[in-house]
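I have placed the structure first, in the form of structure tokens, so that the comments after it can refer back to it.
Chains here go by letter, A, B, C and D, matching the order in which they are written, and residues are numbered from 1 within each.
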Amino acid sequence: MSERIRVAVLGAAGRMGSTVVRAVQEAPDLELVATLDAGDDVGALADSGVQVAVDFTVPSATEANVLALVDAGIHAVVGTTGWTDESLGRVRSRLEARPGAGVLIAPNFALGAVLAMTFASRAARYFDSVEVIELHHPDKVDAPSGTARHTAAGIAAARAAAGVGPSPDATTSALDGARGADVDGVRVHSVRLRGLVAHEEILLGNPGEMLTLRHDSFDRVSFMPGVLLGIREVGARPGLTVGLEHFLDLG
Amino acid sequence: MSERIRVAVLGAAGRMGSTVVRAVQEAPDLELVATLDAGDDVGALADSGVQVAVDFTVPSATEANVLALVDAGIHAVVGTTGWTDESLGRVRSRLEARPGAGVLIAPNFALGAVLAMTFASRAARYFDSVEVIELHHPDKVDAPSGTARHTAAGIAAARAAAGVGPSPDATTSALDGARGADVDGVRVHSVRLRGLVAHEEILLGNPGEMLTLRHDSFDRVSFMPGVLLGIREVGARPGLTVGLEHFLDLG
Amino acid sequence: MSERIRVAVLGAAGRMGSTVVRAVQEAPDLELVATLDAGDDVGALADSGVQVAVDFTVPSATEANVLALVDAGIHAVVGTTGWTDESLGRVRSRLEARPGAGVLIAPNFALGAVLAMTFASRAARYFDSVEVIELHHPDKVDAPSGTARHTAAGIAAARAAAGVGPSPDATTSALDGARGADVDGVRVHSVRLRGLVAHEEILLGNPGEMLTLRHDSFDRVSFMPGVLLGIREVGARPGLTVGLEHFLDLG
Amino acid sequence: MSERIRVAVLGAAGRMGSTVVRAVQEAPDLELVATLDAGDDVGALADSGVQVAVDFTVPSATEANVLALVDAGIHAVVGTTGWTDESLGRVRSRLEARPGAGVLIAPNFALGAVLAMTFASRAARYFDSVEVIELHHPDKVDAPSGTARHTAAGIAAARAAAGVGPSPDATTSALDGARGADVDGVRVHSVRLRGLVAHEEILLGNPGEMLTLRHDSFDRVSFMPGVLLGIREVGARPGLTVGLEHFLDLG
């Protein structure tokens, strides 16, 4: 039997962190060897033989954590948000001295969401029309969701690269807001409904046909298969990778 | 075998009218005895023994047609738009002299659309949240569609009558238009997509559950079952009826 | 301010019972005055001034509980399964001596599920075709679900009562099982998928149109609005009522 | 301005063929220079300077047509069904003498259907559960549809190649047919409903999430964008290609 991968979890007391802790404990090919919270010394992990560390901490701490992990020669799987081009650049620089180390930073670990976004971008150039609907619980404060904006921006970029024009729209008389928000020329509609969690639907239309890509997220455990895949693959992918889709074999 | 109902079609050369002509010809319990177009004399129908006349003409002609039909003692099934409270009042007045005559005026003869609207109004008071999405081909000039506005207005009225407050919404930061149009306090989102025809979805949410009512109209023949039902029932429903839902037995 | 309704919960330690306890505690117009579990004396509730008791116990206990509640003049709201025509008959007999007491026994308290079933039965006679798809988590042992069987049976009965024939089906060559199960002549398809909870979709088709009624149950809290509605209404509905739909005002 | 591609249509009088004729006539970068029907001489097309021929004829004629086109140095885009491994082998042999000629044979030219199938195969390995629902008009004689069987077979092959086990299913008590047909271990459900045309839904489930890929075909014109793409690309893809997906740039 092959050796189990030795894993540490940073931010282990948080909502996401504690879910990761359970998922690692239940995975037969992984061994949980350390859990850290605010104030704990990341550098000390090297002595425990940790191979991969998962970071679901806070924006103010994650960059320092990742830099320390790189220095310690520990691969990192990062779900914390707040990364900028500058902070990503500093991780890339630090990795130059550690060519074997891998860092995966992903804004979304739900495989279904990542696949829906990736497929939408790839399909977008082949359809006359594309629109996005996102549906969330009514306690959400921003609209559209970050995922939907990111999806629409990816669609817009793919269509621009392929030289595809805007979706046709003959609307001349509309109530304010009826046609949704405009994200890089792609219409995005935000539904807020008690009972929902997080859902996204991408609609692509051609004469006589429609392709729909829909992702439903019912529970935060939906992130775990993506996190486990990251843990298993990051050691074989040196350097910085941004986005789980690059770890997927999508043909 | 029972007698067949003797039917005339007004506006027989139009898109809807010609579809009605075919549907009447194919129905074993109906007999097509006259087809009229612009300029033909409605009053002469009485001599042909016409029992029910279907009017899919134009807003400028339909009221005069209906008044002439009432005078002639012919029941009327009307799909032409453009009716106002005043023109409906004139039909009611004229019917007073003809207590046996029935007139059905319906903005929508698609059974599925009528049922979706009716069910939405009845269900609306039992849910925390309600929103409407309508989806049409991109050559449509108005947004939201008349059907969606009518649906939202019916939902709003039903919730107000039951003392239900507005759908919860914590949005504090939104792109313009993301949250859709506001129709009497109900959010309505309009999607325009090549390949679509006419579609409406009503979403109702409570803690832990969602009820979805969706109507897809793929083709204008979808109006025919409702028109035939109108023809068969109008003789037994004297007076003016506005809306096909009143001819349905919905418990 | 009006008096709060005094409520007891039987089976308070169970999964459903404990959820009911919380919901009653959070409702401003209800007062939780007693919780009972196996072995506790139902008869003693009368002394606490309990007006309504909610029973989510077990099939072997529920009938005796309800009979004791009726004897004590306490209204009952019952979500326990296992009722037969005979046991319902015994409740009806006992109620004869207590004309003011109300008993609501409901197989399903999710408002959305009850509405989907009711609307499906009412709409079924107006469409050529009707089929049912139910979707559940893959740990479910029976297929189709009880709710889907109940829905299909209601649809079949409504179509039979209206003299509507079977849904058209030209299939002459099929793989075993492709066309689903046959429940009183209505096709029912059972999907089992990791990540799902409990979902049902009723599809109704006419030439050129489709009406879809879908219910998604994401969490057991979805039963609470129906249970609370039962508690509030049961006092005004003397006698035995089977099915939450009879407490809804559906026009 | 670049030269227009000179196109011939074989089977021009058929339902699909006549639709292709119109689509080619309306495309500004294509020139329709010949239409052929049963009995016409394919070999003579070379004299008209035809560059690409589209074949929507009948299974008994298509192979001879394609071989004649290859001999004449004309690229072929073929939507006729009935191809076997043997007939495909004969096309490959003939192409050896004409290394510049391209032949595209595709069972399905609807871009949305091809993308749904391709994406389903690529995503299938990342999910615990996968099932397929196909929905068609009730005049269809076979169930499941050929597209759905093909989709399920592709999913099954992709999961087998990645070493993924069967979808979980705890069903121990089921009505006959409830769980659908078994296609290589993937469950397929066939709905037949008046009003529908051709629709397919692939459901992929993981703990806490679902990814849905749905294709709706409303009208035969949905095949045209794929046929036009084939005409434009086949000249740059020498040899035999089976399946439109190989002409798409899916990253």
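Going forward, a contact is a pair of C-beta atoms (placed from the backbone, for glycine too) under 8 Å apart; a residue touches a chain by one contact, two chains touch by 3 or more.
Every value quoted in this text rests on a predicted model; they were computed, and no experiment measured them.
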Touching subunit C and also subunit D, the following chains: A, B
Number of steps on the shortest touching-chain route linking subunit B and subunit D: 1
Farthest chain relative to subunit B (centres taken as mean CA coordinates): A
Interchain centroid distance [CA atoms averaged], subunit A/subunit B, Å: 46
Chain centre separation (subunit A, subunit C; CA means) in Å: 40
Length of the line joining the C-alpha centres of subunit B and subunit C, rounded to whole Å: 33
Subunit B: positions in contact with at least two other chains: 127, 195-196, 204, 206-210, 216, 218, 222
Chain contact topology (line, ring, star, complete or other): complete
Complex interface listing, subunit C residues touching subunit D: 127-129, 131, 133, 135, 138-144, 167-183, 187-196, 203-210
Subunit B residues touching subunit C - in the complex, by the definition given at the top: 110-113, 115-116, 118-119, 121-123, 125-127, 204, 206-225, 229, 248-251
Subunit D contact footprint on subunit B (complex, rising order): 195-197, 216, 218, 222
